[in-house]
Structures are given as C-alpha cells and as structure tokens.
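Structures incoming, each one as structure tokens.
Shared chain: subunit A. Partners: subunit B in the first complex, subunit C in the second.
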Partner chain A sequence: MGILITGLLLGGTYALIAMGLNLQYGMSRIMNLANGEILVAGGFAAFWFWTAGSLSPLLTIFILAPVAFVVNWLIYVIILRPLVKRARSRGQLEVDAILTTFGLSFVAVGIMLATFGGDYFSYSYLLSPVELWSETYALNRILAFVAAVIICGALYLWLNISRAGMSIRAIAVSPDSSRLVGIDVPKLAALAFALGGAVTAVGGALISTFLTLDASTGVIFTLKALVIVIMGGVGDVRGTIVAALLLGVLETFVARLIDPGLTLAAAYLLFILILLFRPQGLFGRRQS
Partner chain B sequence: MKKRMFLKLSASAALALSIGAVQAAETLKIGAVAPKTGGLAGGAVVSFWPNVKLWAHDVNTRGGLDVGGTKYMVEIIEYDDQTNPGETIKAVQRLATQDKADFILAPYSTGLNIAAAPVYARYGYPMITHTAISDQVEELSNKFPNMYFTLGGASGLAEGVVDVLSAMKANGDIGNRVAMVNVADAFGIELAERAEPSMKAAGFDIVYKTSYPLGTQDLSPVVKGAKDANPDAFVAFSYPPDTFGLTKQAVVESLNVKAFYTAVATAFPAYAGANGAAANNVLGAGGVNADDPDFQAYMKRHEEVTGEKPDFWASGMVYASFQILEQAIEATDSIDRKVVSEYIANNDFDTLMGKISWDENNNNSAYWTVGQWQDGVFKGVASTGREGAVAPRLKQGWE
Partner chain C sequence: MMRMKSTDYKALSVSIVLLLIAICLPWIVGDFALTLAVNMAMFTVLATSWALFSGPTHYISLATAAFFGLGAYTMGLGVDHLPFWLLVILAGLFGAIMAGIIGLATLRLSGVYFVIFTLGLAEMTRQIITYIQNATGQKGILISIWFEESTFYWMLVALAALIFLVGWLIGRSRLGFALRIIGDDEEVARHSGINTALSKVLLFMIPGSVAAMSGAIIAPRYGYIEPLIAFTPMLSFQVVIMALLGGTGRLWGPLAGVIPFSILWELISASFPNQTTLLLGLSFLIIVYLLPQGFVGLLLKIRAKIGDGRGY
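Take a look at the complex of A and B:
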C-alpha cells in the first residue's frame, strides 16, 4: 500500500513534467527540446516569489500560467511558425523543430544564468509529513499530485468536450483534413503550444517545492518527459497519465523491494518493452 | 549645445587619461576555465567563479601584483567548459596558444582537472588544483610535476566520517548501527568503498546499504529503507541535488538519528537557506576554521564584492590556491612560469585557509574532512591536521 501511494505520488510528478510536452508534440507537432527549460524557469519563478515576497507557490502559478502562456505563444508565432509554413512533410518539420528548440534550450539556459545565476535553488514549502495508512508522505508531493490530477482532468475534459478542444484533437490527427472542415489550424496549433508551455511552467513551480533545481537541469526533465510521452502515445492525454503513473509505481516498487540503484534500469526496460510490443505507445494510434 | 560639446570633450579627455593611466601599469593575463553551464555549474558558480572575481578585484584595487617594482594589473579571460572535459581541454589550449595567458587557474572538479592536466603540463603552466579530490595523487604528481593538490583525498574524507562517528560511539552517544547510502557515480562509489571496511573495523554494523542513480527524483524509498533499519547514524555520500533531497526526505520521515551526514553541497549556503533550522547539527563533507579572523574577513569581502556568500569548504580553498600563485609571483619577482613553478614547489604558503605545505606528492596533506552546521555556521569538526576543529554535536530532531 505504501509503495503504491509513493509510486502514485511520483507518477503525479512525472505527469506534470510530461503533460506540457504531450500537448506541444502531440497537438502542435513541435518536438520541443526546450521544454525542460520552461519547467525550470517556472521553478525559478516560484522560488523567487517565495524567497523575495513570501508568495506561496500555489498563488504563484496563477501569475505564472498566463505569463508562460503568452511567452510560449510568442515563441511559437515568432520562431516556430515559419518552420511550420515551410515544412513540406511532418518529418521535415520534426527535424527543423528539434534543431531549433535545441538551440532555444541553450538560449534559455543562458538567460536563466544571467538573471538568476547558476546556483542550486531549493526552499522548504509545506515540507511536513502527512500520515496515510500508517505511512508518512510529504505534503508538498501530495499537493503536486492533487494539482496534477486537476490539471490533467481539466485538460482531458476540455479536449473532449469543448469545441476548441475537439478541434485541437482534430489537428493532432490530421492537420490537412482539419482545414477542410473549417478549423483554423495555425491559430489552434499556437494555442496548443502555448497551453503546453503554461502547463509545463506550472508543473515546474509545483515540482520546485520538493526538487532542487539549477539553471542547467532542464535537459533531465526534457528526457523524462520524452520517454513518458512516447510510452503513453503521442497526442493522447490518457496515455501520458497512465505512462507517468506506471513509471512512478514501477520505480518505487523496484526501489523499495529490490534496490534503489536499479530504478533507472527498470524504467528503461519498461520503455524498451513498450517500444518493442507497442511502438505507437500505450494509447497511440498506429500510423498509416 | 556648447555645454554638451564641452562635456563631450572633457569626457573624451578623461577617457584618454584613464586609458593612459591603465597603460602605465602592465597587465597580466590570467585564464579561468570552469563550468558555467552543464552538470557541475551549480557547484562552480558557488565555489569557483565568485572567487575569480574577488581575487581580481582584490589584486587590482591594491594596485596590482608587484613584480620587481613593476605593477601588474590582472586581466581575467573566462571560458565556460560546459562541464565537458573536451571543452576544458580546448579552452586551456586556446588560452595557452591564442590568448597567450601568462597563467591559467586550475579548472573546477576532479574530472575536469585530470582531463586538462596534460595540457597544463605541455605548456608549462603551474596547476594548483582547488577542487580535485583523488586518491591517485602519487601517480598524477609523478606524471605532472606541476600539478598540486589542496582539497584532500577520497580516503581522508571517508575516514573522517568514520572517526567522527567512532568518537561519538566511544562517548556512548550513539550505538553501532549505521545506514550508509551513496550516489551511483564515481565520487559516491569511491567514498562508499573506502568507508565500508573502515566502518566495520571500527566496530560499526552497517544495517542498511544501498546506492541510487544520479538524478533520482524521489529519494523517499531510500530514506524509508534506512528508517526501517532503525540506524543510530545516517551517512550519505551524495551529490548536490540528492544532498538536498535526502535531507528534505529525512525531515518528512523524521528520521530519528543522532548523526546525519550528507556529502557534497552540505557546506553550501543554499543548504542552510533551504533547510533552515532543520540544517542545524547536520554533518557534511569539508569544513573550514570558521572562527579564524582571516576566514571571516574573507567571507565578508566575498559577500561585499560578489554579492554571494562563499561555501564553507571549497570556496576558501579556491581563493587560497589563487593566493599561492600570487605569493609565488611576488616572491620571485617574476612572471616566468618556470621560475614561479619552482618557487611553488619548494615553499610553504600562508593563505586564508591557514598554512599550506606540500608533501612528496605535491599534496597538501592537512585538510578538512568533516564539518557540521552549528547555529548557522558550517564549522570544521574533523581534519587531517588542521587547527580550529570544534567538537561535533548530536543531531536533535529536525525542528
């Protein structure tokens, strides 16, 4: 029971890390390698507001989300849209986007170094034990899990019920045909990208309450997010959630019952197995 | 209009004058290569870069280095090696051949120093390392006679922990149950391997032992596992992100031990900042003689000039290594690398970390091994022959 809850809490963290990338890669087809830097920037903002203004990260995210949304929207419109326009195939767009966002990630690291310095930043927020079924858990992790549930649930409902959400899912399936039925593809792709950025930044703010970050740690999160998105199936919110929880539970299970040294090996074993037997991901659509 | 013209003229005149004044003194080009990005950037921007700035500031506000009556201002040429040994080598080569640096400060961290050592040797630069911790000092100094070691060795650091715990055990303060974990990376593995036999020889029972991968995002299984083993002491040979993570998790689990040790970055000001009162009486790698007036003056200057606080281990040693270079240049009245190198090899140096002298392997054999946060200051509690150690205290909960 304890293992399961610890694992689910870790899975919630992973979902926060990966959900934004899923929106960006799945919906607007931008493989954003600067995703981790957006996450770290969100964490920096939370740290700064907390240490300078004692503003709780829970309030910071309401400032952070719109700011991150606008910043990511601008990144998409100014830097990435030209790539989308000139790309002749999905493959070409992917290559161009990877190279561009890889460059962007360096720019982002540089900006963060210049503004915040390269020091580790870590603070204690809601670092109090909560007892559930005679096991203790950190309150800040539970909080991040709850936030992950809310964010993922809201996204899922929005994508399935609202008109804009369904249009976004349509462009995820087929951008060309969507245009035939009157969907404004460029606008919605930008919206999905910006939304993904906002979700990532909010995730970063929540994660910074229990993880120690520095300006250069973004790439670790990008990699983790990539693994989860691909495991769950590109462009499917459910897939990302399931993959994140699965990974969290598996890693905790291995760490507690076998050896903490084998968590990475177990995670990548799962990744390889999924790639072998379901290359499109758990919930992915087989590409024709 | 006229007024503006006058201002312009006077400004340019002042500029010309000041350029003239600067040119009257010679400049000494000093190269600095260390991470500003990449995995070790978090450590280098605390321990290394601010000291480069501080040292240049100190020397230049004093009017420069005095080399036989001529004043030399120092000019720092900085390169970011991205925590990539290949880049360190390239940058050192570039400093030697393109920038024609007169001296090059040693790079940051064990791995990057070892990678760059052959280049320093080839161009004849003295290499006074400040953050290289190795047990291969003998081999390295035979191969590179210009390479010096100041911060200590892995076995010393590991033995220090065992000594501190043994003293506590001898006093009857703790029992013999130790939980020992390490990060699965060169540093953590080496220290754990050294510590284990010494722990056993000292009569400790290692009741929980494990390693975890670098960058593990949830350390609660590690701390829960340790807690289940009911240890008297918790020892983690950890790296910066996990040093923070283990501590936070220990707070959550209220891991009830009388001695709690985490390794790298425990001595960082950010550690006390993040953990507040919970940091009190935590043991960690390193330490300084925090009551020494020289060190206190250094701390004050460091904060005034760079706006950052130094850490309580490597920071002081980084600055001390620059002091050694500075003293050698002024004592020999020479900027000839050969002459300076020879002086370094054959003399002792008074630095802010105390006296530094070399053994037969160009190693400073008296170094700090364990420190402890005591009421907001990280004080040295164990060393291999340094003065000023204070008595270690027992950890009393996490409040």
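Take a look at the complex of A and C:
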C-alpha cells in the first residue's frame, strides 16, 4: 500500500514532465531530446531561489513558467523553425530535430557544468511527515503531486475547451488539414513547444523538492518522459497520465523490492512490452 | 558476376596504398602519436560500421557503447578460460545476436522508437551489470593479458580493412541496393517486394557485431574493466558525430570525420577537460546547420562547382 501510494505520488510528477514533452513532440512535432535539460534547469532555478532567497519552490514556479515559456519560444523560432521549413519530409525533420536537440542538450549540460559544477544538489524543503492510511509520507512529495494534478487538470481543460487548445490538438491529429480550416499552424506549433517547455521546467522545480539532481541527469528524465509519451500514445493527454502513473508505481516497486539502481531498467521493461504489443500506445487505435 | 570496372581498380589500388601506409605508421611515428592513432583506428572501425547501417537507413543508432561494453565484458569474463582470438569472434557473435534482438523489437516501427531505445540501452545495460556485480559482491574485472600499443593498432587496422571490404561488397549486393531504396522511400521499397524490416535488422547486426569486437580487442588496453569504463555513453555520441561530420554518403566518409575530430577531441580534453560536452553539442549543431552531408558532401559540392566553371 505504501509503495503504491509513493509510486502514484511520483507518477503524478512524471505525468507533468511527460505532458510537457507530449506538447512538444505530439503537438509541435519536434522530438525534443533536450527536454530533460529544461527539467534540470528548472530544478536548478528552484534550488537557487530557495538557498539564495529562501523563496518557496511553489512560488518559484510562477516566475519560472513565463521565463521558460519565452526561452523555449525563442529556441523554437530561432533554432528549430528553419529546420521545419527546410524539411522535405517528416522523416528528415525527425532526424534533424533529433540531432539538433541532442546538440542543444549537450550545450545545456556543458553550460550548467560550467556554472554549477558537476556536484549533486538537493535541499530540504517541507520534509515534515504526513500520515495517510497509517503510513507516513514526506509533505514535499504530496505537495508536488497536488501541484502536478492542478497543472495537468488545467492543461487538460485548456486543451479540450479553449479555442487555442483545440486548435493545438487539431495540429496533433493532422497539420495539413488544420491549415485548410484556417488554423495558423506555425504560430500554434511554436506556442505548443513553448508551453511544453514551461510545463517541463515547472515539473523540474517540483521534482527537485524531493529528488537529488545534477547537471547530467537530464537524459534519464528525457528517456522516462519519452517512454511515458510513447506508452500513452503520442498526442494523447489521457494516455500520458495513465502511463506516467503506471511508470511511477512500477519504478517504486522495483526500487523498494529489488534495487534502487534499476529504475531505468524498469522503465525499459515497460518500453519493450509496449513496443512489442501495443506500439500505438495504450489507448491508441491500430492504424491500418 | 563480380565484374570490376576500371574505377573499381583505381579505388582498389588507392585503398591498398593507404592501407600499407596505415600499417607502416607505428614504425614512423612516436609514442604519443601512436596512442592517438589507436584511438583513431578504433573510431574508424566504429564510425564506418555505424555508417553502413545509419547511412542508407537514416536511423541514428546510439547503441555503440552498449555493444562495445558487451564485447569488453565478454573479453573480461572469458580471458582466463579461452584464447583471445576466439573471444573476439565470440564477442562479435554476441553483438550480432543482441543487435538482432533489438532490431526485431524496434526496427519494425518508426525510426524515432529505435533512436530512443538505443539512447538508453547502454545506461540500462550498465545498471543491470552493476546490479549483478553488487549481488555477487564483485567489483570490477582484472584483465590479465596485455599487448604492445602497436599490436592493438594493427588489430584495429585489420578490423577496419575487413569492414571496408564488407561495406564495399554490401554496396554491390542486392541487400545494399534494397537499403538504398529503403533510405529513399520505405513505402516504395515495400511495394517492390523488399522485406524492409528484415533488411534493416540484418544490416544492424553489422555495427553491433563490429562494436562488440572492438570492445573485446580494446579491453586488455584498459587492464581493468568496470561498468562505468566499459559502457561510457559518450562513446556512442562521439561515433555519431565523427560519422556524420565525415559524411555517410561514401564508404570512406566517416574516416574524413574521425581524423580531425579525434585530434580536436584530444586537444580540448587536454586543455579544457570539462568542456567536452559543450564540444559535442556544438558539433551536433554545426553538422545540422552547416554540414548536413558532412565533409564528403562539401567536397562533392565544391567539385561540382569547379566542374560547372569549366563549362562541361
């Protein structure tokens, strides 16, 4: 029971991170392999504001989100849009995007190593225990989970109700047809990319309250987010959330019962099963 | 069946001369240059075999480090029981089998799944080996044999020559032709009766096997292997960059990337050891924006321009 709840709490934060990646890959069609570095940068920001200004990470995210939004928008417009324009096919864009975002991720790691050094960083924030169903959990994990639920819920509603959100989902389904019904695809793709980056950075700030990060851990989170997005189905918000919770629970089981060093292996086990049996995602329909 | 044209003879004689020069290198250069040459030979092996698969298919494989580590561990675990040469062959066999399994699981699907899968493969294998070592109380493996630096070099040059030969033969075979079609348009390939998944899996077994063999050959050079040494994820990225920098359009393309990048890497890691990641990142960006076809593409473009000027 304790493992299940810890897993669900972790999965909630994973859902937020994967949602960020899903906005970038599913909606604006850029496979962003620098996603994990945005997360780590968000974590660094939370760490820095807490240690230098003792500003609560829950408040930091209100500063972080707009900054990350602008930074990611600039990355898309300056660096990635030329690739979108130059690409003759989806496959070529994918290869170019993968190489470019790899480049960006290494540059980001290099810069973070130069500014913060290679040390692990963690801080204690709201470590007070909370009792739930006769088991104790750290308050920071619960708060991160609640914040993730609120943000995920808001995003879900926005994507389903607002005009911009629905247009973004239309791009995810078919970029060519959405242009025909008068959707400004380049503008909204940039918006989705920037929003995805902001969500990821916020996820990073939340996750840094209870996990230890260092400058080069980004790639692990990128991988986990990718596994979640593929498992849930690319562009599928509901699938992402379910997949994230599943991964969170599985990882916690493996970490508690077998070995904490095997969390990525656990994610890979899920990934292989999905690739073999449901490559279209948990809720996806098989394409004919 | 194997009819050779005059250009083939020309290419063959140039290759033989270059190979002879490469073989004589250890007698010419000093110790430091020889160490660099061993690295270059290793990366030539890895990048050329990488390009055999990723060049025509455009699938970016990041599994090199995983295969390399597999080979190094095959050597480490077997060196006290079996002869060196047998272990190298065994490592190649294991690499091919592992590549076959990975290929069967991922190459049926879109290329992105393949990239993601290979991205974490080395890290996952490392986690599992570390776990097994912790469970059995083992730490690292000491490798009891040792060779001269020049012996390592010659073994790798021989392997490289073998890969060039294999690559040349594949280019002329039905499989090579099928792969070029797949690279151009997979749909067309499927409609003309090519088993696309099988062709890709077969081809992927080459870099897998070769990387495992080079891991096995190099392992005695480390003397002592542990998961962090055998499975350095950086290796996969270095190979990708060198191959793309050189260009995958020609068999010799990766070599044109290996030589300058190895020297640059050596310089940077000697004077700014913390900035190697930054160098990797910038190299990726330079390749995408300035050299999408690598040095080979640049050369062909320049040659075409000169040709135009002459008014042919």
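Keep this in mind: the second predicted complex is superposed on the first by the 268 of 288 C-alpha atoms of A that agree within 3 Å, B and C clash if a C-alpha of one lies under 4 Å from a C-alpha of the other, contacts with A are read in each partner's own complex, and residues count from 1 in each chain.
By definition in this document, a contact is a pair of C-beta atoms (placed from the backbone, for glycine too) under 8 Å apart; a residue touches a chain by one contact, two chains touch by 3 or more.
Nothing here was measured: the structure is a model prediction, and the numbers come from that model.
Student: When the two structures are overlaid on chain A, which partner does A:137 contact: first (subunit B), second (subunit C), both, or neither?
Tutor: Touch partner of A:137: subunit B, not subunit C.
Student: Is A:10 touching anything from subunit B or subunit C once the two structures are fitted on A? First, second, both or neither.
Tutor: A:10 contacts subunit B only, not subunit C.
Student: Could you look at A:195 and tell me whether it touches subunit B, subunit C, both or neither (first, second, both, neither)?
Tutor: It touches nothing on subunit B or subunit C.
Student: Identify the partner contact of A:210: answer first if only subunit B is touched, second if only subunit C is, both if each is, neither if none is.
Tutor: Only subunit B; A:210 stays clear of subunit C.
Student: Once the shared chain is lined up, is A:252 touching subunit B (first), subunit C (second), both, or neither of them?
Tutor: first
Student: If we overlay the two complexes on their shared chain A, which of subunit B and subunit C does A:147 touch? Say first, second, both or neither.
Tutor: Touch status of A:147: no partner.
Student: Who does A:113 touch here: subunit B (first), subunit C (second), both, or neither?
Tutor: both
Student: Both subunit B and subunit C touch subunit A; at which residues?
Tutor: In the superposed arrangement, which is not itself an observed complex, subunit A uses residues 109-110, 113, 118, 216, 220, 259, 261, 263-264 for both subunit B and subunit C.
Student: Which stretch or stretches of subunit B touch subunit A in the complex?
Tutor: Checking each residue of subunit B against subunit A gives 36-39, 41-42, 44-46, 83, 181, 184, 210-213, 215-218, 220-222, 224-225, 240-241, 244-245, 248-249, 251-254, 265, 268, 270-271, 273-276, 278, 308.
Student: Could you pull out which subunit C residues touch subunit A in their complex?
Tutor: For this pair, the touching residues of subunit C are 58, 60, 105-106, 109, 111-113, 115-117, 119-120, 123-124, 127-128, 130-131, 134, 233, 237, 244, 274-275, 277-285, 287-289.
Student: Show me the residue ranges of subunit A that touch subunit C in the complex, using the header's touch definition.
Tutor: On the subunit A side, the touching residues are 31, 33, 82-83, 91-92, 94-96, 98-100, 102-111, 113-114, 118, 216, 219-220, 223, 226-227, 230, 258-259, 261-265, 267-268, 271-272, 275-276, 279.
Student: Spell out the part of subunit A that touches subunit B in their complex, as residue ranges.
Tutor: 2, 6, 9-10, 13, 109-110, 113, 117-124, 127-129, 136-138, 210-212, 214-217, 220, 224, 248, 251-252, 255-256, 259-261, 263-264
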